[in-house]
Structures are given as structure tokens and as C-alpha cells.
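In the two complexes below, chain A is the common chain; its partner is chain B in one and chain C in the other.
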Partner chain A sequence: MSLKKYVVRRIGQLIVTYWAFLTLLFVVFRLAPGDPTSMYLQEGLSAEEREAILARHGLDQPLHIQYVEYMTQYLTGDLGQSFRHGVPVWDVLVVRFFNTIILMGLAFAIAYLIGVTVGAFIGWVRGTRKEKTGIVVTLIARSSPEFWIGILLLMVFTFYLGWFPSGGIRPPGTEYETFLGRYLNWGVAYHLVLPVLTGVIYYMATPTLLMRSSMINVLNSDFIQIKKAEGIPEYIILYKHAARNSILPMTTVVALVVGMSIGGSLVIETVFSWPGMGREMVESVTYNDYPLAQAIFFLMGSLVIWMNFVADLAYVYLDPRVRYD
Partner chain B sequence: MSVKKHLPANVESKLTSSRVFSQIKDGVSTAYELYRSDRLGQFGIVVLAAFVFIAIFAPIIAPYSPGARHRRDDGSLARLDAPSTDHLLGTTHHGQDVLSQLLVSARVSVFVGFLAAFIAVFIGTNVGLISAYYGGWVDDILMRIVDIAYGLPFLPFVIVLVFIFGANIVNIMLVIAAILWRDSARVVRSEVLSQKQRPYVESARAIGASDFRILYRHVFPNVLPLTVLYMAFAVAYAIMYEASIAFLGFGDPNVYSWGRMMYQAYTHGAIRDAWWWVLPAGVCIMLLVSSVFFIGRTLEEITNPEIRH
Partner chain C sequence: MLELTDVHVEYEMEGDGSVHAVNGVSISLEENKILGLIGESGSGKSTLAKAIIRLLAKNGHVPEGAIEYKETDLTELSDREFRTEIRWDEISMVPQNAMNGFDPVYTVGNQIVQAIRTHEDVSKGEARERARALFEQLGIDPGRIDDYPHQFSGGMAQRAMIALALALDPSLIIADEPTTALDVVIQDRILQTLRDLQQEIESSVILITHDISVVSDICDEIAVMYGGRVVEHADVETIIKEPRHPYTLGLRNAFPDIEEDDQDLISIPGTPPDLVEPPEGCGFAPRCPFATDECWDVTPEPEEYGDGHVVECHRADEQELLTEEAKRKETWMDLETEPQQVAEEADD
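The block that comes next holds the complex of A and B.
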């Protein structure tokens, strides 16, 4: 199969996956107990008022009409109205989406960078005490759920040492005019440190362990022996020759780690009161705000699906030896 | 005329049953050898055994009932008392004994961890076996389903489902299993794809063994080590996800779990001063999960001999 055919096929798969994902989303949220009115029931809502609210959100239609309606809405980028906030979902999400992307994107990038570097190193020093220590530390980091790491960091750096704020995204009362101005300032950076660190500690483990085993495979190949025989300094062989050749499999877990960090945003944002999608999702599920929960779920799933797609294409582009199957 | 007719009755089944038996015996003795020389694996087994023991005997070991509210000598509620000889790990905001809650909570983690992982790996292994063995459209459909499962962000999906089906411990376990199966499905499939090409599959087919028999009698024992390894990973993830769900407040309100302890400690602001309420549950999660990962690391040396030192 040629590269072009592979790409076309992969796009086809992307469409099928998206369709199934959207349908699943619809089914799951229609199964949900309660509807927007159940929140107001205790306030004594009459049957007619209830009907009116259901009709306003299109919930009185038969299911298949709701399905078609829902599909067309999502395909045209209309995510509906939030029950709880009473405004379009986009208005609620646009700021929170970027807040989450900044936080988790940073955590993800740093985790990968450290993971590749450390993984290459412990693969290189294989069989020594250093490797064993590295693996033990990595496995312990991987065994600590995000909320546990976050709480530990809060206890030490906020409540004991008092170095960092306990939560939020910027000092209260500050407003910024431009989009970039909202994020590029010291206040935000200061609030970012602990949540990002939490993510980095937890997400680092997967790339580290994968990089290590990939390094071990490469180190067994002849060209490393030749480089050693040429008398090239070890750290140059390590990072210039061995690590660069081991990095390819790292693309295969990109989507996996993105999925983990997107899901982890729920926990990290709750611990650090970060005003992002994750915390909003937890709240909107608790308050029966389907359109909002559904939209956030859609955005999170889309990120994972797209990252999967990009990672697959990057893989065949980067590795000329790959067979397209 | 098939070859089978020339063989004395039940020779084939005798052959394979002794083969399966010796394979399993080999596996166990390799595992024993590896664990004997691996401190980390031993540590994992000891810690895991300790937690399983605690989980089984929790009500007997626990000094008090986990929900009992204790009072000080002067009759006031023992709210957030620091560790003392009466309460080795202090008390909670509601005057409950932290140690008792901690011990009883081990049950949920061990139960959910093992059962969810077992269900997940059971589904995943079967999907992987069938998908790789039959190929064609069966493979296409099953692998698309796996792709979709990979497109679902884990924690949000689990929370929505738990919310819909109700927050009880069995639902939480099933929902976790409903996503975790994807990893073992992918790995088992690629292993079966290579096993399928081996001569033993062809010989089995030549004697006239059925697909079912080839798959479960011949191919399955060869992917069993991999299945066990992914079972270990699944246990670790199931425990962590159960804790995360409880920490977010979507856990079963009727059972004590470490995640729920952390949730209550966090929402009462105990992380500011009452370290004895916060730390033990977190340490337990970390210990239990890392013990499973350590065991898994040693198992990995069986499935992938290249990484043995």
C-alpha cells in the first residue's frame, strides 16, 4: 500500500471513529437520569412549566429526531445551551478550554521532555544501581494518582513552606485585555507551578519506561559498537546517536499520554481549583447540566482522537521502514 | 481421509493436555526463578499479600467500627484529634478513627482492583484472540471498536457512566472494566498474529482440530504470560481509577475507600493541619499500586526475555 492510500484509509477510519464516538455520546447522555427540570423540581414546578422547559431544549421530541437534530448541531459546531448558566455552551467553554490546554499542554510537554532524557539515560546505564533507582522512582511516580501528588505538593509547598498559592489561575481581581496577556504574566506562571508539576510527575513515567526499552533495543545494534570503537565520547553517542534512533516509538504513546492527561485534568483542576474544562465537567455532571458535560466530553474525546490520528501519520512519515497495515 | 483416523483414540487430547500442563509448569518455574533473584518483585509480592490479608480480615483487625463517632473524656466529639495511643492515626472531622477506616477501605481497592482487571483482561484476551485468528472483517470491526475505546478519555467517561448507572461499587467496577479491556485486546492480538504463523497451528489444523480448540487449547497457553502481565497492569490502573472516582465525589457513598477518605479530608480542608487524616490513605494507594507494578516488572522479564539482565 502506498503512503497516499494509507493516509486516505486512515482518514476514513477517523470519520468512522468520530461517528461512533458522537453516537455513543448521544446514547450515553440520553440514558442519564433526570433532566434539566429535576434541578428545579423541589421549587415546585408545575407540569406545564416542566413541559415548556423540555420543549425549549428539544427534549420532548422522539429519540430519532433528537438524534438527527443533535448530529446536525454538532457537525455545524453548535454545542447547545448550558442548562445551568443559561448561555451558549461555547461562551462557558472558550476560556476554560484554553485554561486546560495551557495547564495540561505544559505538563504533557515537560513530562515528555524529561521522560525522553531520563529514559535514554537509564537505558544507557542498564544493569547498574542507577538504573534500578531510576526504575523504582519512575514506578512509584506512576503508582501515585494525580490527586495524591497534588495534595502532597500542596501540603509541602503551600501550607508548610508557603511558597505557592493554594489554587486558582491568577491573583484575584486582575483582569487582562488581550488573549495573550491573559496567560503571559507572572501571576499565571506562579499559579501554574504546582498543578503542572503534579501532571509532570505522573505523566513522566510512561515515556520514561518506553524510552528505556527502546534504548535497550538500539544499544544492541552494531552501529553503537562502531561509534564506541571510534572513540567518540559516551554522552555524544548516548544523546546524538542512540537516543535519536530510539525516539520513534515515543510517537506511539503520545495519544495514550494525551488521553491520560486530558482525563487527569478533572482531578488536577479539582485539587488546585483551576478554572478549566475538567473542573467544569465534574460540576456540570453533578448539576445535571447535560449540554455542557456532553460538550466537554466531546472536546476531550476529539483531542484524543485527533492526537491518535496525528501520531499515526507522524509515525509513518518519520519511519520509512514502516509497512502500511 | 483425515490423519486423525489413523491415530489411536484420544492421543491428540493426551498430547495437548500434557503439553499445556508442561507449559504452565515451565511458566511457573521460570517465574519462581525470576522472583527468587529479584528483590523488587519479592517486595511487591509481600506488600500485595499484606494488603490482601488486611482486606480479608479488616473487620477483625480494625480497633473500632469505621463509622463510630468517638468522644473525648470531657464528652466533646473527638474532632481531628492527633494520633494517640487510643487512636493510632488520630480521628477525622467527624470523630471517627482513621486507622479503622484505613483498614476497612483496603477491601474496596483489592476487590475492585482484581475483579475489574479480571473482567477487563478476560474481554480483552478474547477480543484479541478472535480478532487476530479470524482476521478479515471480524478483525476490522473489533479493531475499530478498540480504536473507539482508545478515543474515549478514561476518567470523564467513567464518571458520566457511574453517574448514569448509579454510584455503587459493582457499577464502578464494571465501568472501569468497560474501558480497561482495550490494552490487553491490542497486545494479545499482535501476539496471536505472530503465533498464528507458527507450525504448531498448522499441525493442529491438519489433524482436524476445530478453530475453538486451536484458539483456546493451543494458541491461548502461548499468550497466557502476556495476559497475566496485562492483568497486573489492569489491577494497578483499576485501583487508581477507583480512587480517583471516589476522590472526585462520585464514589459509592455506602462503603469506605481510600479515595473517599482523601475526598473527605480534602473537602474539610484537613490538608492544612490534619496530616494524619490525609497521608495514610495516599500512602496505602501508592504502596498497593506500586507493589502490583513491581510484580508486573518481573513478569515482563518472562514475556520479553530480551530485557533480562
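The block that comes next holds the complex of A and C.
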């Protein structure tokens, strides 16, 4: 199969996945109990007032009309109005979405960079003391809950040493004009250190352990022996052949774990009072703010779908065998 | 050119003890010859080959013996010297399954170029030209050097592997069952190609196999291994027509001869010996229909029977009797139960 055909087929799959995902999202929110008015019923909301509110949001329409309406809106990039804030959902989310992406993206990139390197190394030195130490340290990191790591870091670096701020995203009272300016400054970098470190410690273990077992598999292959017999220096065999082949299964895992970690950002955001999407998600669900919650789920799901798409395309470049399957 | 003297190879096992996979092998190989190394699984043939090119698993080592190659003892070289001076430049290898012998994520041509440029200071273009020439020599379309290994058929991959092994004109090629994964017709053609090229570039080959019919076609000499020792070594004619060791006689029985009709295939009963604690006496004694008390107690020394025919057997001088007896099926059937016991003890 040619490369072009593969990409076209993969885009087709992407569209179908999106349709299924959007439909599922629609169904889940219609099945969920309550509506935007149920929070206020006990405050003496009259039946007529309730009807009026529902009508304003289009919730009095039959389901299939709602479905078509919902699909058209999402396809045109309109995520709807927040019940609670009374403003477009996008206005509420845009800042928080990028806050989360900055935090988790950074944590993730560093965690995988370190994880893959360390994993490749401890796979290479299999059977030595270094490998055992590496595994023990990794397992400790793997078994520590995020909130606990976060609190520990806060205790040491904020309360004892006073090196880093205890929370927030930038020093209070600072204003920035441009979008990039909001993030590219020392204040944000300074606030990022501890939450990112928490994420790195927590998310590092999976790639480390995976890379290690993947390496051990590859190192048993005949071609590694041949490369050694060819007299190629060990370090070249390590990175050009062993690590290069071991990284293949990692790409798929990255795509899956990214989605999970965006959901898991809630814990880090709470510990470090980070104004991100995770916290907004919990609040919007608590207040029955369905358009907002729906949009957050949509963004998180989209991230997983797109990461998988990117991973599949990356695979084509990483593994020549995929192109001809 | 290659001279092994009393080579031992041990694998350290977890817990205690070690496996004596090779137990004192002395053998020499002249230039421009093909030596067939035959024996059943666990006889130490692959281990011996790996010891020569220093690719033993981490727990394996050579505690005793000398591996002399062109007047240098290979066991004395440092890892670095061995890597830069011996590997591929002097000694290359062809693995059992060529499909797995290439890194799947690089093109075959790339990998040949890499091998050449690791040892020689030539430009990429020059190395590529040489790779193309090698392909041509092995009967592969040179246009395919930019293909990935998985795009090759099994036979073609094996040819490409041989091309890789020849890339630096080595003096010795170790081929570890290079055709086992292929069908008989392709197997034959590839072995012929190997033979032709070997004569063209005047290198020596050690061909490891468990298939006596494979080696008889293209080898000059055959060494039969059993229990980590070379029990019989001679030129091909002698091994096929006038073997002296009962194990070789037994091996010959296990493969049919096309020219003779009405013959039973007779297998050798029992299992290979325990290599953790090799017992006193001849390693083959428990499975040998001709074993005497002497065989059980005293390890036989290699003895020469004319023109480089070396045999390790106390009864090697009774060639006629053994040959006659070995042809009868009954000879191999009424063995004592000894071998089973040995095998059980090994399991404990």
C-alpha cells in the first residue's frame, strides 16, 4: 500500500472516529440527570420560568432536532453558551485550556525524554546493579500518588527552602498584552517548576519501564548480534539500532497516555492552584453546566484522537514495515 | 590459519555451577577451506563459533585454551582491538535466519554501507558502489539495495546477508546454519553460491549445521562435535565413507542415502550428556552400543589414523567391526537404561 493511500485511509478513520465521539458525547449528556435549572428548583423557580430557561437553550426541542443543531454548532466551531457564566464556552475555556496544555505538555515532554533515555540505558545494562537501582527508583515514582509528590515538593521547596511559589500561574497583578507574552516570561517559568516536576516524576515511570522491556526484547534480536559482529561501536548500536527499534511501541503509548494525563491534570492543578481545565471540568459538572462540561470533554477527547492520528503518521516514518502492510 | 588449542567455554549459571559447553577442542583450519561443524543441538558447535568471534552471552567465557588466528591469540586481544581489527575485517558471520539479521528500520544497502564505513575510510558513494557490486555478485538486482529487509524473500535475504558478510573480504566466514530456514532447492543454490564466492575471494568458511547431507556437498573437511568435544575430524570423503567414531556411524544412519535402497533410518537413542558435571570417561559411552568398561572410566584422547583423520574413541581401531555392527538396527536398540538415568539426574 502506498503512503498516500495509507494517509487517506487514516484520515477517513479520523472522521468516523470524530463522528462516533461527538454522538457519544451528545447521548451521554442527554442521559445525565438534571438540567441547568435543577440547581435552582429549591430556590422557588416557577414552572413557567423553568420552561422559559429551557426554551432559551433549545432544550424543549425533540432530541433529533437537538442532535442536528448540536452537530452543526460543533462542526462550525461553536461550543455553545455556558449556563453558569452566561458567556460563550470558548471564552471561558481558551485561557484555561492553554494553561493546562502548557503545564501538562511540558511535564509530558520532559517525562518521556527522561523516561525513554533512562529506560534505554537500564535495558542496555541488564542484569547489573545499575539496572536494579533504576527499576527500584522508577517503581517508587510509579507508586507515589501525584498529590503526595506535589505536597512533598511544596513542603521542601516552598516551605523549607522558599525557592519556589506555592501556587498560581504568575505573580499576582501582572498583565500581559499578547497571547505568547502571557506564557513566555520568567514569572510563569518560575511558577511552572514545581507542578511540572510533580508531573515529570509521576509520568516518567511508564515510559521508563516500557522502554526497558522493549529494549530487552530488541537486544535479543539476531541483528544486534550481527551489528556487534560487524565491529560497530557499542554506543552506535545502542542508539542507532537498539533504541531506535525499541521506540516504536512507545509512540502508540504516548498517544494514549497523553489523553489520560490531561484528565489527570486535575490533581496537580488543585495542589498548585493552577487555573487549568481540570479544575474547570469538576466545577462545571458540579453546577450542571452541561455546555461547558461537554466542551471540556470534547477538547480532551479531541486531544486523544489527534495524538493517535499523529502517532500513526509518525509510525510510517519510524517503521518502514507499516507502509506495506 | 585458524588454530584452536584445548578451547574450553563455560556458561556461569545462576546459583552454583557452570555449563561446560565446550570441553577442550583442538582443531585447525587452513586457508581457503570449508570446514563443516556438525553435531546435534547442545553439542557446543554454535558456542564454539561464538567463542571465536567473541559473541558469547554475558555469562559465557573462555577459561582455558588458545584461539590462534594468523599468529595472534584472539583471547589475548582487548575488546577494542578485537572490534576494530578482527570483527568483519577478518572474521564475519552469516546468521541462521537472515530475515532477523538485518535491522528492520534501515535499508539493506544502508547497512552494508555502514559495515564498510565502520572499517574503511571511504565515501558514502564509494561504499554504495561496492554494495551494488556485491549484490550483483550474489545474483540480486543491484537496484534493490534501497529496499528494506522485509521486502526481500527468505532466499534473497540470505543472499543479501552473505553479501554483507563478504563486504570487507574477510579471511574467515562463520556461517551458523545459514540455510536451515529455507527450502531445499534454494538451500542448495545458496550453498553453491557460497562455495563459488569462497573460492573466488579465497577465504575459509566454518559451516555449522546439524544436517550431514548439507556439509557433504560443499565442505572440504568435517568435524563432528559431541558433548562439547570434537570426536572425529577428517576430510569429507573419510567422514562419509570411512568414519571410525560410533557417533559418526550413528549420525550417518540417521540420514538416508539415495544410492542405496531398502534401508531403515536408525536414530541414536538417548539424550546428549550432562554438561554441568561432565562424568568421567567418554561422553558418548551412555549412548554407545560398543561401550566397554574402559569407555566408562577413561576419557579417550584424540588419536590420528592416517592423514589428518583424528578420532576420540578407544575402539577406533576396530573400524570394520563397528561399521558392520552399526548398520544393524538391533545394535542401537538393546542399550542399557543408563542414558535415561543420566538425563534424569541432569534435571534435578
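As a convention for this text, the second predicted complex is superposed on the first by the 294 of 325 C-alpha atoms of A that agree within 3 Å, B and C clash if a C-alpha of one lies under 4 Å from a C-alpha of the other, contacts with A are read in each partner's own complex, and residues count from 1 in each chain.
By definition in this document, contacts are C-beta pairs under 8 Å (C-beta built on N, C-alpha and C of every residue); 3 or more make two chains touch, one makes a residue touch a chain.
Please read these numbers as outputs of a predicted model, since none were measured by experiment.
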First, second, both or neither for A:262, with chain B first and chain C second: first
Which superposed partner A:231 touches (first chain B, second chain C, both, neither): second
Which superposed partner A:94 touches (first chain B, second chain C, both, neither): neither
Chain B versus chain C as contact partner of A:24, first or second or both or neither: first
Partner chain(s) touched by A:127 [first = chain B, second = chain C, both, neither]: both
First (chain B), second (chain C), both or neither touched by A:52: neither
Contacts of A:281 with chain B and chain C, given as first, second, both or neither: first
Which superposed partner A:241 touches (first chain B, second chain C, both, neither): second
Partner touching more residues of chain A, whether chain B or chain C: B
Partner chain in contact with A:222 - chain B first, chain C second, else both or neither: second
Set intersection of chain A contacts, chain C complex versus chain B complex: 127
Parts of chain A lying in touch with chain B, wherever the complex brings them together: 13, 16-17, 20-21, 24, 28-29, 31-33, 126-127, 132, 135-136, 139-140, 142-148, 151-152, 154-155, 159, 213, 216-217, 255-256, 259-260, 262-264, 266-267, 270-271, 278, 281-282, 285-286, 293, 296-297, 300-301, 303-305, 308
Footprint of chain A on chain B - complex, ascending: 40, 144, 147-148, 150-157, 159-161, 163-164, 236, 240, 243-244, 247-250, 259, 262, 266, 271-273, 275, 278, 282, 285-286, 289-290, 293-294, 297, 306-307, 309
For the chain A and chain C complex, residues of the former touching the latter: 127, 221-223, 225-233, 241, 244-245, 318-321, 324
Touching residues on chain C, where the partner in the complex is chain A: 53, 55, 58, 83-84, 86-89, 92-93, 95-97, 100-105, 107, 114-115, 118-119, 148, 150-151, 164
